[in-house]
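Just below sit the structures, each encoded as structure tokens.
In what comes next, subunit A is part of two complexes: it sits with subunit B in the first one and with subunit C in the second one.
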Partner chain A sequence: MTALRKPLALTLVLLLILACFFAPFLWVVSNSFKPQLGIFADVTPISWRTFLPLEPVLENYRTLFERTNILRALLNTAIVSAGQVALTLVLCAMAAYALTRIRFRGAKAVFVVILLTFLLPVEAMLVPLFQVVSGLGLNNTLLGVMIPWIASPFGLFLLKQAFEELPRDLEDAARIDGAGHVRIFVSVILPNVKVPLLTLGLVTFLFSWNSFLWPLVIAQSPDIQLIQVAIAQQGSPTQLPNWGETFAGATVATLPLILLFLLLQKYFTQGMAMSGIKG
Partner chain B sequence: MTAIDRQMTAPNLARRPDRTARQRRDTRTAFAFLAPFLLLLLVFQYLPLAMMAKNAFMDYSLLNPGAAKFVGLLNFEDMLHFDDARESLAATFLFALVVVLIVIPLGFVLALFLNSNLPARGVVRTIIMLPVVTSAVVVATMWNFLLDPSNGLINGVISLLGLPRQPFLTSPNQALIMISVMTAWQQVGFAAILFLGGLQGVPKELAEAARIDGATRWQVLWNITVPLLSRTTLFVVVIMTVFSLQAFAPAFLMTDGGPQDSTNLIVYHVYKMAFVMQNAGYASALSVVLLLIVLGISLLQMWLLRAKWNY
Partner chain C sequence: MAQVRLAGLGKTYEGAHANTIDGLDLEVADGEFLVLVGPSGCGKSTTLRMIAGLEEPTAGEIWIGPRRVDGLEPRERDIAMVFQNYALYPHMTVAQNMSFGLRLAKVPKAEIRRRVEAAAETLGLSGYLNRHPKALSGGQRQRVAMGRAIVREPGVFLFDEPLSNLDAQLRGQMRTEIRRLHDQLSATTVYVTHDQVEAMTLADRVVVLKDGKIEQQGSPQELYDRPATRFVAGFLGSPQMNILAGRVTQGMLDLGAESRFALGAERAAPLEGRRVDVGIRPEAFRLAAPETALIHARAEMVELLGATSLVHFTHAGLPCTALLEPTEAPRPGQEVHLGLRPDRISLFDADSGRAV
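After this line comes the complex of A and B, so read on.
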């Protein structure tokens, strides 16, 4: 890193990083405000116009929301993601409480049963999972999209770790006052693990919002289509549909996550660093 | 487990009957807390696992799974007879290899940057995390257009440099490399964050002592930092490999597995076999192979990481 102490070298490296990681986003977003011919005209030769919509038009967004059911897809995805976050938090916290705060026979065996599922590659389970969920009559339902991922071994580990760090004295006082496990769980433990809960909630939201292969196979009816599937069906460069409209779709599908990420970056990064297995 | 051990030594051993009654009650409470989680785990993880093992020996379609026929090892024999499985696995491994070869050195260098005291670290961290939080679908869509032969941004840059335009995704020689580069681009920020975690665990005193003894910065990097990060590196390699082996969106959205099956990634192949060709038995057999490969990698990792030298 010595060379980087020179301002010129540092500036060049920063520009390179910006060009590689940020310019593609800028290109997509700014092109979502241009008509098709403008996009093509601005790319050769490349100049600063390539990345800025000089005469921005909202046409692409208007046709996107009028022609496609993207609004419905956004709504469906919001419901699935919110439901998945809420249920994951509840189930994982309850399980983590039992494994860290209650002494019982079989705790180790239960833990091993959960631990083993950590090793299973999610995408390899696609076909049998499809059969299980459609066997339960949950195909083409929003519940069917989220239900397989709620009992998340990652979520359990994250919360188990956090619960173990809490000192025992915390609940001893409550126990002397006659509080049972339910009350200790709700009013003593949970208020002390807000950050781990937030972290898990964010990672779950990210995973849920971005998931594609599972919604593609399990939610085929247009009414319950999810956002990633909707974007995937929008088109490729060689098909005629408008580039700008596809870019507008990609922007709309990504914006909520990017905003959430920028607001809560610290927790996101922490959660990702802990996840190891990312969905 | 330490919390539980501590409790085991503490409570009252004086009144036995009382204790067992309480124990029974505690066990009941514990399973009440665990029940929803365990139920979903059994239904959505263990049941599919068992079904997959069984279905690999069946011939059936997802349209009518009731009419499944037992065919013994036929699906696995087909895998050996026809080239599709071998070619798909070869493409998937090559894809994963290229991703890892790009992500590891670049992720490490970016982590060094983030761990330094250079200005603009925060901005760099945010920017390299943007692709990580963006969905695989949006990234694939974006790169589809970036790589377009006539109006794509990358060919725009190439022609600006006076070089000939490239076909990229329509070329059997370039398509797999390009989707690997794209996946590496998406994941490198994640790798950097993992490496950064490792770097922050390296005690500063070691590097300082070596510097005082006259070692150059390069020597410290190569002889102290890199070896101390071997566990983190292995961890990142395994995560990236397992992740890449399960990639789907690039093949589905950008290449349809082509040209000439050169990007027919295994999960895409499974998807096509099960949901398009309606040959779910064969798809299950392919899934079993993928599962065994991933399990093998994870077990190898655990074996390599078994409590070796810690700092």
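After this line comes the complex of A and C, so read on.
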């Protein structure tokens, strides 16, 4: 009996946790199919009506796509996220190689200083970052949106751990085989850290896709607006926010992420377990 | 032609307080199989890695063939190296592992193929060329590592404890194979191990290293029969040489506990009155009649090994092992009377440990 009861209890607890995580998403999606009045009417008391649109309407989506340039924002975000992933991977992998495989004076100090920048909250860096990026003339450009984050201390840390786990003999064998640093990096190290690279890529993509504050500050022009900013700003300041449309936008913005995770979740959980860190 | 010459070679690791390698002079003849042996931490790997070019010496010179190579990149040194844990590239197949160096050196494809196939044939790997290392057994991985070295057709092979990750049976088998390969390719080989059996069975010449210095060098048999120091005596041979405390008085060697025998005037004269350590190989003991026996002891433990037997006893407070025929072996607790051949014992100065 106890043998049966234990997994049952465990399953119930897991279901409860799942429900807690899942409910807000369900609520957002369901409300995106309700008219504005319906949303407020169903909030209390919490019942299945709160989470299910009984008479679903597509009006929110129609207005979203007609009134705002959401496709443009999605495209911008995709470009920024993809670019940020690519640049982060290149930069962090090269830095991790240098810090783990090339002996030089002060390597430890360099690493510590880089990690220290990890401790600063984004908000505290916002103004100086804005000054630097504008100073570079990257104000209102997609490059300006991604550039402050590509030198990621988290990425460096994750990859440094992975690089260190590779046996040093591999590199020695490659040197005997006649490989230089570039060849070792590309042909010996990188193919053996695919999972950590993928993990970092995914975490970076997520971070970039969902970022709001920095894009809001640096990319004001409507042409280069990103998705999260676009969703938050679709109503004009004088009107009441149109919640149905906001929820429709949030739903549209989340779909690509869900797809990506379903595709890559195997590697993602592997990588997280390997690094022993939660992103 | 690829002899190796180390002249005054030294290495002090950054931050280390002592020299890891200290003024090493060594020559390896063309085609010679040289084994560097010594306890863990004595600097064998450091020496080998300096020859390979993976570690820069802090003093001295390295010559391979007619060229001075210290300062050159590993690929310019005409060497190949086999590592203890194989160091195969996990993401490459056996064939790719073997050909990586040749591909980097831009050797023509057909030639690469010929060499890889020939090496695979020699090593019995022909059926495995498309496998990845993780789908191979330990012995096969070791063979691939050797194949990777062979295809480069180097002047000098360097081995760093290549067999220590294998189980005992496979180790014996691979040992034979490495020696056969050497006889076939007759390439100069420097082989590092802490295993004295490998040193004894593989080497043309053994170099015993201790604390970064050469303790003794010579053919395996020379080192076994005439160890220059107590350290070498204890290191080579299994079971280990017995060391008893003795004193030379009036031409006799006194081993304590009433055991004394004539040493021969020539050997005894310069040692008169001195304390010596007496090294006796286990096989130097002979069963003797009680009245002529030199040592009388009680057998504490007897190991029957089939072909031979080991009798453990204590003499004058020191542990001792005798190697006897199984039919001669006493039962544990029984009295045993032993003689020994005076010409088979080594004497070392009790303080310096050097042979006298």
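The rule we apply is simple: the second predicted complex is superposed on the first by the 208 of 279 C-alpha atoms of A that agree within 3 Å, B and C clash if a C-alpha of one lies under 4 Å from a C-alpha of the other, contacts with A are read in each partner's own complex, and residues count from 1 in each chain.
Everything that follows uses one rule, which is that contacts are C-beta pairs under 8 Å (C-beta built on N, C-alpha and C of every residue); 3 or more make two chains touch, one makes a residue touch a chain.
All values derive from a computational prediction rather than experimental measurement.
In the superposition on chain A, contact of A:183 is made with subunit C only, not with subunit B.
In the superposed model, A:147 lies in contact with subunit B only, and not with subunit C. In the superposition on chain A, contact is made by A:261 with subunit B only, not with subunit C. By the touch criterion defined above, A:131 reaches subunit B but does not reach subunit C. Of the two partner chains placed by superposition, only subunit C is touched by A:175; subunit B is not. In the superposed model, A:192 makes contact with subunit C only, not with subunit B. More residues of subunit A lie in contact with B than with the other chain of the pair subunit B and subunit C.
By the touch criterion defined above, A:212 reaches subunit B but does not reach subunit C.
Of the residues of subunit A, not a single one touches subunit B in one of the two structures and subunit C in the other. Contact residues of subunit B toward subunit A in the complex are 1-4, 6-8, 23, 26-27, 29-31, 33-34, 36-41, 43-49, 51-52, 55, 62, 65, 112-113, 116, 118-120, 123-138, 141-146, 148, 151-153, 156-157, 159-160, 185, 189-190, 193-194, 196-197, 217, 235, 239, 242-243, 245-246, 248-249, 252-254, 267, 270-271, 274-275, 280, 283-284, 287-288, 290-291, 294-295, 298. For subunit A in complex with subunit B, the residues that touch the partner chain are 1-2, 4-5, 10, 13-14, 17-18, 20-25, 27-28, 39-40, 43-46, 50, 91-92, 94-95, 97-108, 110, 113-114, 117, 119-133, 147-151, 153, 156, 163-164, 168, 181, 185, 206, 209-210, 212-213, 217, 228-229, 231-232, 234, 236-237, 243, 246-247, 250, 253-254, 257-258, 261-262, 265, 268-269, 272-273, 276-278. Taken together, the subunit A residues at the contact with subunit C in this complex read 167, 169-170, 172-179, 183, 187-188, 191-192.
Residue ranges on subunit C touching subunit A, taken from their complex, read 49, 52-54, 73-75, 79-81, 83-85, 87-91, 100-101, 104-105, 148, 152.
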